[in-house]
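In what follows, a single structure is set out as structure tokens and then discussed.
Going by the order they are written in, the chains are A, B, C and D; count residues from 1 in each one.
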Amino acid sequence: MSVRVGVLGATGAVGQRCIQLLDGHPEFELAAVTASESSAGLSYSEAAKWRVDSPIPSGAADLTVRETDPDAVPDDVELLFSSLPSGVAAEVEPGFAEAGYVLSSNSSNDRLAEDVPLVIPEINPGHLDLLEVQRDERGWDGAVVKNPNCSTITMVPTLSALDSFGLERVHVATLQAVSGAGYSGVSSMEIIDNAIPHIGGEENKMETESRKLLGTFDGAELSRHDAEVSASCNRVPTLDGHLENVWAETAEDPSVEEVEDAFRAVESLDLPSSPDPLIEVFDDPSRPQPRLDRTLGGGMAVAAGGVQTTPAGVQYNTLAHNTIRGAAGAAVLNGELLRSDGWL
Amino acid sequence: MSVRVGVLGATGAVGQRCIQLLDGHPEFELAAVTASESSAGLSYSEAAKWRVDSPIPSGAADLTVRETDPDAVPDDVELLFSSLPSGVAAEVEPGFAEAGYVLSSNSSNDRLAEDVPLVIPEINPGHLDLLEVQRDERGWDGAVVKNPNCSTITMVPTLSALDSFGLERVHVATLQAVSGAGYSGVSSMEIIDNAIPHIGGEENKMETESRKLLGTFDGAELSRHDAEVSASCNRVPTLDGHLENVWAETAEDPSVEEVEDAFRAVESLDLPSSPDPLIEVFDDPSRPQPRLDRTLGGGMAVAAGGVQTTPAGVQYNTLAHNTIRGAAGAAVLNGELLRSDGWL
Amino acid sequence: MSVRVGVLGATGAVGQRCIQLLDGHPEFELAAVTASESSAGLSYSEAAKWRVDSPIPSGAADLTVRETDPDAVPDDVELLFSSLPSGVAAEVEPGFAEAGYVLSSNSSNDRLAEDVPLVIPEINPGHLDLLEVQRDERGWDGAVVKNPNCSTITMVPTLSALDSFGLERVHVATLQAVSGAGYSGVSSMEIIDNAIPHIGGEENKMETESRKLLGTFDGAELSRHDAEVSASCNRVPTLDGHLENVWAETAEDPSVEEVEDAFRAVESLDLPSSPDPLIEVFDDPSRPQPRLDRTLGGGMAVAAGGVQTTPAGVQYNTLAHNTIRGAAGAAVLNGELLRSDGWL
Amino acid sequence: MSVRVGVLGATGAVGQRCIQLLDGHPEFELAAVTASESSAGLSYSEAAKWRVDSPIPSGAADLTVRETDPDAVPDDVELLFSSLPSGVAAEVEPGFAEAGYVLSSNSSNDRLAEDVPLVIPEINPGHLDLLEVQRDERGWDGAVVKNPNCSTITMVPTLSALDSFGLERVHVATLQAVSGAGYSGVSSMEIIDNAIPHIGGEENKMETESRKLLGTFDGAELSRHDAEVSASCNRVPTLDGHLENVWAETAEDPSVEEVEDAFRAVESLDLPSSPDPLIEVFDDPSRPQPRLDRTLGGGMAVAAGGVQTTPAGVQYNTLAHNTIRGAAGAAVLNGELLRSDGWL
């Protein structure tokens, strides 16, 4: 009874993670992988220079790579995970949706579009209903759901918890892992013994996507949260795991204990990839740390620690695995929500 | 006519940098080095496991290491640079000052004491006059001047510039190099492929020291600046160079150009270790970067970039070499100011 | 029916790995942990600063840390895994053996003693019978078995395979991970952007231990293999996984295919921690790589690749996880062999 | 009276080092820089994404980048340093030589050609006379001289010294810095927490180039040294500086002291870029280390240490800065030799 799924852009860093996460998935069966034209026709093991630190899943290795084209994907595939470069995604995703495929996309295009749900299942599952608006407006049989940027996902679960105290203003500084830029994104000469205080477009994504995620959907329209978010993004020599320093100003003045309780109270969902707890709270102020804590909950948990209350608001640190919870796993989890909510 | 100087705690990471900076110094002649009892009697080259990436200065290599005791230091030494662990410094520095030595100390003890000047020469040279109060109160022939913590020094020159627009509130996140913790401070297993969101006591130092540095000395008493400073400190796998993301809220709303002009307008001093310009401003938003920019001005310059004006205030990044401008060079520069101002 | 076991020196880097590997072990039940006097009486979770990237096993967290003394360990514990510093081990291991405990020790003391078996179960299981000699000579009820040094374990399985062609001479250069030196062994300032061409005593260990492992036990005496082994050891900025470049000269001239077949032919054992295959052979000459391949076989496999036949002999690369196959896992596997062979 | 020089391929990693080394050069004046067509017409500061950790030389910043074509380079430029990709170099270098330019090339094409001198000035300056053969055979007014591969340069000065004892056989394992692969050559995801035991073509270069460098030129023909060289090459997470473990078997059995004396006896030349001493010998077996020792002699010295005499021959470690002594500086030094020997 499992759903046949495919991965668009399966050979890249996020695509490979997606293949890894789908291996042995209880609800999804990998049936198709696509990549750029030059890889089409090769076996997946030939086309993907596999770099994940677990062996390439046998069910994926022998799949023939297809072109990233609706006609090239079998009709019995119902759900597609897209980790295409955003430029390519912008061109091809609408065609897939028109052809009836449901897409859970990690690509950054259209994340802010009025009729595209941007979803973290444990945080704003109700936004998925925006798909009715989308289908109405676009005349699609299929659908496109987006997950947010990796650095945004890392902080929004905690911000959502703090919104119970009236979230007003956020400062966030990120220490982002190199895998966030893809396999060739950051050269070793750039980053060894270094840090780079700029990631193009990232600050804006954090500011806009978080307000959409925290916004309200009234059944017809999605209004953004009016919290003011200001981000400063850095690349550091870490392989996986984005660490973020957050200051959140709230209308109320919660105590450290109330903040930690609010973090712990964010509920996980009854979906295969939703970890329990969703937010792991550390007492030790030196945690979370990327290398030690990025694989909590199979890489799907968010870790928080160092909670302080200061004149500048609630101050804390948060961490998530950027290519699992922040990308491939986010897309898979959205796929699980799509299935559970009956969109397939 | 050069001043004979000594280095207390000469074998540690900061002590070694100090020895390196004094090599060929136009005003100072290295005449004594001290270390812990176990090293006393050895030659400096035997006692120091030299790890700076330039050869050990010949003038230092053959010096006999002395005990860290006023009786062990020759009387004709006038100025002592102290890079002792703060616990040791708290015990021995007063004795040296009582014995008539002038100390330019990098140790963190007593930085906030009412009668101890905390000085960055280009920023608050007038605070040095607090030494009169110090001598009065303590009955010392000598004196103790402190330079601030490395992460504080990195941001205060730019904050001082912004104070012309009425500095009110600061958020700062740091990405600090491992050398800031000393040679054995951070193990490789802790930091490779990782980042640590906590450095004990550092946030408090940044918050309190910066307000003292930006404060006003009326000839009798030093009042602290009332800006609210909130810091979040991280250790990253970088060898040297602290990078900081700053948001500064000011009474006025300066433009990016006005901010950059204010940075460039901070004047260097006519002292051997004061670089010109003091603040190097980058247009490229991906700069400054630790590995590329930490040696600007011989490691004594501050680099700034990525200036933006946002609803959250002026946002920018700043960088300085933590063991040169942030420690050994800071102490040497304070020594130069002490000499220039006639305190020797 | 599981055997109750203890870990001596349980709080260090290897001790922690041991605790991790014993979690859920099908044959062993963790019943006691010891550490230095200062930790005795604390719970294990308090005493161990847990740094493995999986959570501390619940069965270990609440154990009370005991002193490393035979009297402090319960009598029903039959098997002890020792990862004590070698100086401490030299002092206390004989006392444990005399008191009747069977020790599987990773400590380097006594590895070359005539009556102490040095064992890699898949390679020289028969050496275990040396315990009869040991008990005779020492009058122990217990016993001490050693596993070799991490860099030795990494190359000996392949050398053993090549001995079928008449092993005569070996050159080996190692690229060793920082975890091999323990948690505080290598400071970050030493190793970031660096490599260190010296590890004290390591070259000698590789030369002597490998000849003992490849030697012959005739029931009474163990004679060493007469191959000449020359090692050059380097520390590199890798967390886990020792990579080694080997040249092996043999009496015969095997082809690349014969060498790879010989590697693949080394049999794994029917023990819980023995991986199948023992030696994973890569075609891709850029493999094995520490980060990608160190966890093969749960960290217990050896990976080999880049096999060439040159005038200088058979040239290839080999890799193993230094704290699992090279230390904690080696000790656990020896424990499994001890049990299987009836020594408990 | 300085010679006007140009740099072909000036925007790459080696080209930038070359520009840095020519800044303030006592004999050479930078007059032209070339790059790929897409950069032609831009200023050098616009075309080169400058990544060296000293500011871009003012004399270079404003030069207009030219096409890499003999017609595009002014006639009064006499000497060209080439750091072109080898494929491009193979196409364009002959045309420059035919047009009368003298080229000191770091590109790997033609290094083994019978009539192309491969030169390390302090080791085999006499090979330069092969240029007469080259001009005869090719009918060039100009000339092409090559420097060897970075990993070859690192070991050949010491091998040359050992040849006084009758060099017969060499095993060498390399730990090579990422800069050797150029700016984008090694991605951070490949190398952080890792090592790669393969660098395409590198082993062969070390084996063949070293035999040519150590060979004899009789005025007409160059015969290769008959030592057998076997190399195993690794990439490690180091920015600059290749470290190599060498075993050299010699006809005689020199003592450690004789070996070190032989290393120290290799003479430097009276050329601006030839360091004195050429080979720095360390007593401390943990040296040389890339980060600490790569800048000895301005990056032009070779460092050696850890000398042992073993049954496997003379064993030692050697280090050189791969983009200075191993590439850009090697080319500049060859240029100085060309000038000194009257080839311009």
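Points to keep in mind about this one:
In this section, contacts are C-beta pairs under 8 Å (C-beta built on N, C-alpha and C of every residue); 3 or more make two chains touch, one makes a residue touch a chain.
On a predicted model such as this, the values are computed, not experimentally measured, just so you know.
Taking each chain's centre as the mean of its CA atoms, D is the chain most distant from chain A.
Ranking B-C and B-D by contacting C-beta pairs places B-C first. Here chain A and chain D face each other with the same set of residues for the most part; over half of the interface numbers are shared between them. Distance between chain B and chain D, defined via averaged C-alpha coordinates, is recorded as 40 Å. Per-chain Cα centroids separate chain B from chain C by 47 Å.
Residue numbers of chain D whose C-beta contacts span two or more other chains: 51, 192-193, 237-239, 291-292. Within the complex formed with chain B, the chain A residues making contact are 169, 171, 173, 175, 192-198, 228, 230, 232, 234, 236-239, 243, 245, 247, 285-292, 305-306, 310-312, 315, 317. Residues 13, 51, 178-179, 183-193, 237-239 of chain B touch chain C in their complex. Contact residues on chain B toward chain D in their complex (touch as defined above): 51, 53-55, 192-193, 239, 291-292, 295-296.
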